[in-house]
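In what follows, subunit A forms one complex with subunit B and a second complex with subunit C.
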Partner chain A sequence: MINFLLRRLFLLGTVLFGLSLLAFSLGYLFPGDPLQNFSGIRQLEPQLRAELTAAYRLDHSYLSQYLAFLNRLWHGDWGLSLASQQPLLSEIRQVLPATIELTSYALLVSFLFGVPLGILAAIKPEGYLGKIINTITVAGYSLPVFWWALLLIMVFSVGLGWFPSGGRLGVLYEIPTVSGFMLVDIFLAETPYQQAIFLDALRHLALPTVVLATFPTTVMIRFVRDAMLEVWEQNYIKTAKAKGLSRLQVLYRHGLRNALLPVIRQIGLQFSALITLAMLTEVIFSWPGIGRWLLDSIYQRNFPAIQAGLMIISVLVITVNMLTEILHTFFNPLARKR
Partner chain B sequence: MIKYCLSAAMLALGLAGCSAEQQDLRADGLVYCAEGAPEHFNPQRVTSGTTIDIISQQLYDRLLDIDAASGELRPALAKGWQSSADGLVYEFDLRHDVQWHQTDYFQPSRVLNAEDVVFTFNRIMDPEHPFHFIGGGIYPYFQSVDWASLVKQVSAPEPYRVRFELSRPDSSFLSNLATDFAAILSAEYAAQLLAANAPQLLDSQPIGSGPFIFREYQKDVLVRFYQHPHYWRGPAAMQQLVFDIVPNNARRMAKLLTHECDVIAYPRLAELALVTERPDVKVQESTSMNVGFWAFNTQRPPFNQVKVRQALALAINQRAILQAVYFNQATAARSVLPPTSWAFNQQLATPEYNPQAAKALLAEAGLASGFNMTIWAMPVQRLYNPNALKMAELIQADLAQIGVNATIVSYEWNTFRRKLTEGEHDSVLIGWAADNADPDNFFRPLLSCAALESGSNRAQWCDPVFDRILNQALLTDDQLQRRSFYLAAQQYLQTEMPLVALAHSQRIQAINSQIEGVTINPYGGIALFSARRVQP
Partner chain C sequence: MRKFRLYFEEQHRSPLAQLWREFARQHSALFGLALFSSFLLLSLVAPFITPHDPYLQADNLLLLPPSWSEQGLVQYPFGTDDLGRDLLSRLLKGTTFTFGLALVTVIGALLAGLALGALAGMSQGMKSSFFNHLLDLILTIPSLLLAIIIVAVLGPGLANTAWAVSLALLPQFVHGIRNAINEQLKKDYVTAYRLDGANNWQVLTRLIIPNIWEKIIVMSSMALSTAILDIAALGFLSLGAQAPIPEWGAMISDSLDLIYLAPASVAIPGLLIFAAVLSVNLVGDGLKTAMQRRRES
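And then the complex of A and B:
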């Protein structure tokens, strides 16, 4: 296991190295002045320019510049946003929790609905229930997320007025940011309206979570269903059945555990698709997350922000991937030997 | 309790509120959905209408106000005023009961007095002033009216008396003091910031004397104000005022329909018919002094030739533009000045659509075979131009008729304005909304040589003859005489054609039917002081 962990960590290191190299070269590859791309300072007075050139070692070799770049990253100096002239790291700290919050609820929903539905579909694959679930899955899988989101907004918020059309919380509720996670912050806030605000936050969460969960849920259903069907054919299941265990017991003790193992891995693989979908969802629902922030930055030609945003999102995706892989291996001794 | 509510919410997916408390907080607050984010919180440094709408009438007061109905000046912070016979000295008596905002970052020790007024205007005029260069030393409105050369000195002879000494008589002086840009700032707060070595906070953590107090700004998300309990006109009806920043038009409309917004700025004209059918939404229309125009960069060939400019003006179909872009919610423009102004020239010819004549003029200018040009279309929706991109496409098609090949250019708004100021465009579709009732406000900030320097002259046009007419018009207080100068100015513009005036638009707000008391000044921003919620 230790050996495996070390190998993974080495791989992580290599990927991060490549990523930082790419991020660094973006400073030169983006149009405009590299010094401005790195620092994000809009008004570069001659004196400041000289100081920064020295600090960033821009008059030295690329290697030396890259090391200085790494050093800055490490010390949290990620430069300023060209648009707002605020430190990028603090901006990211504000928007990233919103994305993580939305994504994890969507993952949770996809897990809570995907797994049972997948099992249901697997019990009698040719039965009515199996076919219905299958049809819904194919439909959900092929739904373009922006169209689906707009449809839900049209029906449930503009038409029926049940849910707000966007945002994280009714704007009249003032909740101080502590953790950046809305539900946690509401819990921490001292306000007589806590309960009403909590409900309001849930109402804001409903539609984006449904939209974002649609794709992973359908993937999860199909995956669990296929895994279950495969496991169902295994000899140990037949043995268990022959021993006289009831259908439910076989399903739970022997089927589910083995079928769910690859699902853990699936979460990691789904994560990058999920982040991409989250960006679209955030834009449509005005969710103040990193996806919307990054798209705004692209529109504003805010190169330092694009650089930092890409880096953060890639690191996030890679880390989650790696973690689920490690978790998968931890639960599955067979995989360690591979 | 939360647990109960949570499970209830899960069950009903949060359809209905668990308690009535939610209603209370909403009843005391107003949400205004704005079309853009404020640049900062100091009206002195702003020209964008979006920023003015959000900050000016809400956070600040001015010495004088403009009466929305009559366009006349009326007392505000100044109880009264006197001017000397030669028109060179103005004195204002200030109110004694104007309280500054009290926040966690500033506790005022005194009421507003003459020191504050002196501080406010010296910041603009005096390059030695410690705050002058904070934010770049650019005061677009004041520079466009040539304030620095007009006002010699501002002083406080008595604690509640302010004295302005002018270098020449200027009949638009008082109107300038009543614009949304002439907000009075706190000298005491500025001194505190200077002592703390953080002067730049003056424009981002504002202190004013207006009906609302600044609470927070989440960049590009929202601006939050609370009621100023000791406002000298009495406290505002609403406890809380939130500006929700929603740049997307369709989304703003959707938020009005879902009651997430109480008031929305600039509803899309195409959707108005749809909205008026609903009982929960009303549409408020008000005249506004503005003009949408197409300005040529007169410093670039071939637009430095009058004939080319006249030809292009003849080539475009103004009526089609009014219909397709303004949905006929606007008046066809004959001059930059709207017809409701007292100085409007009735003798001006109505603009003509005549591609043949345009071709002939181009041929005279030696450009019979046409040329290539760019049309810059502003990326945001404004009252004076609700859809510049569409307008650009129409003009592009019109120009193709006379052999001119136009390309449409657009950038993100801040970049767009910066590049315009640097004069990188051939022509641009943009416009102007007046800040006060004085006709000078339509000419000087748009087309004078001073405006060229301050960057608001989109035509990059500096004509000494025209400047002389404008200056002469200011030297007299006699309205008949002034009018004759402005008539001449409009005539001159029609022959020189540095820009083609296209339309004067109505200002329209869509409002939740429960809300009353939203007032719009035809010369400036929206005022939400007396907005309140009434149960229908």
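And then the complex of A and C:
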């Protein structure tokens, strides 16, 4: 296990190194002045320019520039946003929790619906139920997410008026930002209308969560179904049946435990797709998350922000990937040998 | 037909015929194949069969409703957009941009991935482990994010979208092909062929590629559905195809502000994207199931 952890740590190091190298080279690859791309300061007076060139070592070799870049990253000096002239790190700190909140609810939904439906589909794969679930999943992961979101808005917000079409909270309410996670903040806030606000936040959450959860849920259903079917063929299931265990007992004691193990890893693999979909979902539902922020930065040609957004999102994805893989290995001794 | 068979003959179908037999048994897969072929045909002949010029702005026919409503005209089955351009012609033309371009990017990524994957799969030691780490890095970045970054560097446009999407698809091709090659290299028949004096090139071209091409097709079908979705998504974010080009995703974002007036102009392009991706997924799924059943039989 220790050996495995060390190897993972080494891999994490290499990946982060490569990522920082990519982010550094983006400063030169983006159109415009590298100094402006790194610092994000719009008006560069000659004196400031000279100072920054010295501080960023732009007159030295690329290696020394890269080391200065790493040093700045480490000390939290990620440059300014070209659009707002605010420090990028504090801007990201404001938008990142919204994305994490939305994606984690979507993951939760995909887990809650995906696993039972997958098991149901695996009970009789050729039966009606199995076929219906199969059809729905194929349709589900073919849906273009932006169109799906627009359809739901058309039906549930415009047509029926059940849910709001965008935003995190109605404009009537004001909640002080403590953690950035809306539901937690509402819980912490001392207002007389706490319950009403909570319901309002949930209504705002409903549509984006459904849209975002569609893809991971369908993938989860198929994954659980395939894993279940594979486990059901194994010899230890036959042994368990031969010992006289009932179907439910076999399912619970031997089937589920083995079939659901790879699901942990699946969460990590899903996360990267989820972040991509979250970017589109956030744009449509005007959800103030990092995806919308990043896309706005692209429209504004805000290169320092694109660079920082790429790094933050990739580090997030890599960390979640790594964590789920370690968890999976922790629970599954068979995976440790490889 | 002969009534009697004098000798007992065992009939062996070729693997390809067996695959087709298992594939044709699945109705959904056949339906997907028919849909896929019609999209393929449309993307080739679309410029010649459009009833109107997709770029022609008929300013006396702005925002014509579809022909099934009272005010519609039968010459314009899906109506016109806010500039008076025929929606059907634009949709037909759009097949070339969304579906055809996705196909081209996947083929490009596949060829490059085959070369790099073979290089990575056949080499051992330092070179391959360096490659692994590089791929692990790129695979962690979501493909649409990678495409967005590439578009941000190159600038928006349809050609740049194609480059960005095929570059973003490349890592998963290399990864998949390298794994498939590694799996084959462990088998005994490769060792036997090597003992006969075959070199790396002969092993690759005569043994490995014929044995993994079905896997490669399944991989390509998954990549194709990603490519269609990514091209449409980039068009929707107006980072891909620019204004007059009738790419389906761009058409949705163009008519987004008309969604109350003309919901069909948002619904129909989206439906086409959905149908295109669905057809690809059905074919890919059918192939996967057919391959699995052939192995079992």
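Here is the rule we use: the second predicted complex is superposed on the first by the 338 of 338 C-alpha atoms of A that agree within 3 Å, B and C clash if a C-alpha of one lies under 4 Å from a C-alpha of the other, contacts with A are read in each partner's own complex, and residues count from 1 in each chain.
What we mean here is this: contacts are C-beta pairs under 8 Å (C-beta built on N, C-alpha and C of every residue); 3 or more make two chains touch, one makes a residue touch a chain.
Every value quoted in this text rests on a predicted model; they were computed, and no experiment measured them.
In the superposed pair of complexes, A:Q195 makes contact with subunit B only, with no contact to subunit C.
When both complexes are overlaid on chain A, the residue A:V158 reaches subunit B and subunit C alike.
When both complexes are overlaid on chain A, the residue A:I313 reaches subunit C alone and has no touch with subunit B. Contact with neither subunit B nor subunit C is seen for A:N258 once the two complexes are overlaid on the shared chain.
With both structures placed on the common chain, the touch criterion links A:Q249 to neither subunit B nor subunit C. Of the two partner chains placed by superposition, A:N332 touches none, neither subunit B nor subunit C.
In the superposition on chain A, contact of A:I298 is made with subunit C only, not with subunit B. When both complexes are overlaid on chain A, the residue A:S20 reaches neither subunit B nor subunit C. Contacts of A:L280 after superposition: subunit C is touched, whereas subunit B is not reached. Residue overlap on subunit A between the subunit B contacts of one complex and the subunit C contacts of the other covers 158. The touching residues of subunit A, when paired with subunit B in their complex, are 83-84, 86, 153, 157-158, 161-167, 170-174, 187, 192-196, 198-200, 202-203, 206, 286, 288, 296, 299-301. Touching subunit C in their complex are the following residues of subunit A: 11, 14-15, 18-19, 22, 26, 29-31, 135, 138-139, 141-147, 150-151, 154, 158, 272-273, 275-276, 279-280, 283, 294-295, 298, 303, 306, 310, 313-314, 317-318, 321. Those residues of subunit C lying in contact with subunit A across their complex are 28, 133-134, 136-137, 140-145, 148-149, 151-153, 155, 225, 229, 232-233, 236-237, 239, 249, 252, 256, 259-260, 263, 266-267, 269-271, 273-274, 277-278, 281-282, 285. Every residue of subunit B that touches subunit A in the complex is listed here, in rising order: 1-2, 5-6, 9, 13-15, 17-19, 21-22, 25-26, 29, 31, 215-216, 218-222, 224, 240, 242, 244, 246, 251, 254-255, 257-260, 412, 414-415.
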